[in-house]
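I've put the structures underneath this note.
Common to both upcoming complexes is subunit A, partnered first by subunit B, then by subunit C.
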Partner chain A sequence: MKYIGNTGTIIDWQSVVDSLSNQTPGYVGPRHSGNDDIVGISDVAKKWDQAGFLLIKDGGNAGWDMFFPHANFDQTIVDTFADYVNVDPISCWISRVQPGCLTPWHWDANDNEKEYSTIKNMVRMSCNISKPQVGHVIMVENECLYFQEQGSVWQWPDRTSWHGGINCGMTPKYLFNFFGVRR
Partner chain B sequence: MIDWNQVLDIIKDQDGEVRSMGGTFYQNKDGRFNEIITMWTNAGYTPQKVEWINYYPGKHFDQSISDEFAKQVGFTEVRSWISKIRPGKNAPWHQDIDDSMEEYLKLGTLSRFTCHIGKPAHGQILLVDKESFYMVPQGTIVEWPEVMSWHGSSNCGYEDHYLYHFLGYK
Partner chain C sequence: MKYFGNTGNLIDWESVIADLKKSDPAHTGPNNSVSDPSEIVGMEDLMNKWTKAGVKTVEEGGTNRWDMFFPGQQFNADVVSKFCDFVNADATAAWIARITPGNMAHWHWDTSSHENEFNAIPNMVRYCCFIMKSQPGHVFMTEEGAYCNQEQGSVYQWPSRTMWHGGLNCGMTEKYMFHFFGPAR
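So, the complex of A and B:
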């Protein structure tokens, strides 16, 4: 992963996190099942089943909350971030992983996967928007990010990089996720 | 040198000793772990989320493994064990508050080591204080900052995560 910088001085991430703490998420992921006709989904779902993950909707701990601009946080956050990283946004969201929950190893197979795969200069980034907390980790391919400064931005190797996240800490873990086209 | 693959072959089909938040929690005879269990409960942990499985020398694998490890690190063994975290399970943030710690401290200067005995695998992580250990080469030994360092571990990968733990004194 490539370190881009820290957005903590231009975006008040703590206010964003605080405002989300009492909101109902847009949905609890994963949204798709292995039967959906989306590139890559059935492969990932099969791997999760074989490993024994139990989804939150089935009473387990594999899953995450999803928050979206306009509905859950202000679009100006996205615009400010996009200007900072010099990327025109295609999609973004904030994920929240509760203590004891996790996002099993996967890649973000998207509804528009066929369309996205044709777009050049696509970049994927994530921003650690919680304050540094013990137990909060995101893993992308062979690298992991732990105890990151609030506002730190990392560019992923690829939009479709395999990744996972865990939270063996005591507070919810928030992450701003973003991909778009390099300006 | 220790053939960790051989050790893993020996224990992989054994039940081991399951640890979680309830009655299967390790020791805690005098309630010294109650504060941490309360912390976990307040954070939303349930027995379904918390699990690690321990294997012990002389019971689940040969004592000679720990004897050899003691030689390698130059410490006398106090206790040792192998932990397994299955996919989807967590060892939430905690200290290892051993019921016999006071007795161990009388033996000498204690040190805590962890050896990454599985092959590197995505989604498997150990956290000790502010350090993370991910995709660590098999056989790598790390010494902890403190015997009682806070730590945690989770597994969002597809395979079981094995670590060998050693507490020793000089």
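So, the complex of A and C:
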């Protein structure tokens, strides 16, 4: 991954996190099942089943909360971020992983996968929007990010990079996710 | 942690892991401790922190669980002897911890019912060894950093025996790790 910089001085991430802490998420991921006709989903689902992951909806702890602009946080956050990274947004969201929960190893197979795969100059970034906390980690391909400064932005190797996130800490873990087209 | 070296040429970790896959663990943490929880120094404080954060064991429907394997029981004691010589320390305790996919050893320090005894031992050193070939989704973290994608056999010295740490597995395979502490020779 490539470190881009820190948005802590242009976006009040703590206010965003505080606001989300009292909200109901848009949904609890994963939204799709292995039977859905989406590129890559069945492969990921098969691997999870083989490894024995149990989803939150099935009484387990594999899952994450999803929050979206307009519905859960202000669009100006996205606009400010887009200007900072010089990328026109296609999709963005904030994910929350509760203590003891995890996002099993996956890539973000998407409803619009076929369309996205044709777009040139696509870049994917994430921003660590919680204050650094012990036990909060995200792993992307062969690297892990830990104890990151609030607002730090990393560019991923690819929009479809495999990744996972885990929270073995004591507080919820929030991450801003973003992909779009380089301006 | 301080990188110490690599034991890959001294110990056949693949063989050790293969044996462990055929064995039942000696016990599982944190619930099935070999000691009375009331006698474990620091356990009450740790349990309070976990409860406050909403952390649950696997038995309670959560993900907090790890399997424990011991030398002379589930793996050959020669492994520890070789490790002792490599780090130039005598073994007070050694074990291999396994975390299955989807589970974690939640943020903790290694509380013990022998804490007072351990504290009295001079020159105590603590090491861990990443005994698996690197796997996606396997992470070990301390107060200083997170470790993933480590070379099989790599050894790190801890700044303190009682350092807080956590281990987690969001990958597709079981995660094994060797732990060791004892007085430096």
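Keep in mind that, in the parts below, the second predicted complex is superposed on the first by the 183 of 183 C-alpha atoms of A that agree within 3 Å, B and C clash if a C-alpha of one lies under 4 Å from a C-alpha of the other, contacts with A are read in each partner's own complex, and residues count from 1 in each chain.
We take it that contacts are C-beta pairs under 8 Å (C-beta built on N, C-alpha and C of every residue); 3 or more make two chains touch, one makes a residue touch a chain.
Here the structure is a predicted model, which is why all the values come from computation and not from measurement.
When both complexes are superposed on subunit A, subunit B and subunit C clash. In the superposition on chain A, no contact is made by A:Phe67 with either subunit B or subunit C. Touch criterion not met for A:Phe179: it reaches neither subunit B nor subunit C. When the two complexes are overlaid on their common chain A, residue A:Gly164 makes contact with subunit B and with subunit C alike.
In the superposition on chain A, A:Gly135 contacts both subunit B and subunit C. By the touch criterion stated above, A:Trp156 is placed in contact with neither subunit B nor subunit C. In the superposition on chain A, the residues of subunit A touched by subunit B in one structure and by subunit C in the other are 47, 50-54, 59-62, 98-105, 134-135, 137, 139, 141-144, 146-147, 162, 164-166, 168-171.
Taken in their complex, subunit B has these residues touching subunit A: 39-40, 42-46, 48-50, 86-88, 90-93, 122-123, 125, 127, 129-132, 134-135, 150, 152-159. Taken together, the subunit C residues at the contact with subunit A in this complex read 49, 52-56, 61-64, 100-102, 104-107, 134, 136-137, 139, 141, 143, 145-149, 164, 166-168, 170-173.
Subunit A meets subunit C in the complex at residues 47, 50-54, 59-62, 98-105, 134-135, 137, 139, 141-147, 162, 164-166, 168-171.
Within the complex formed with subunit B, the subunit A residues making contact are 47, 50-54, 59-62, 98-105, 132, 134-135, 137, 139, 141-144, 146-147, 162, 164-171.
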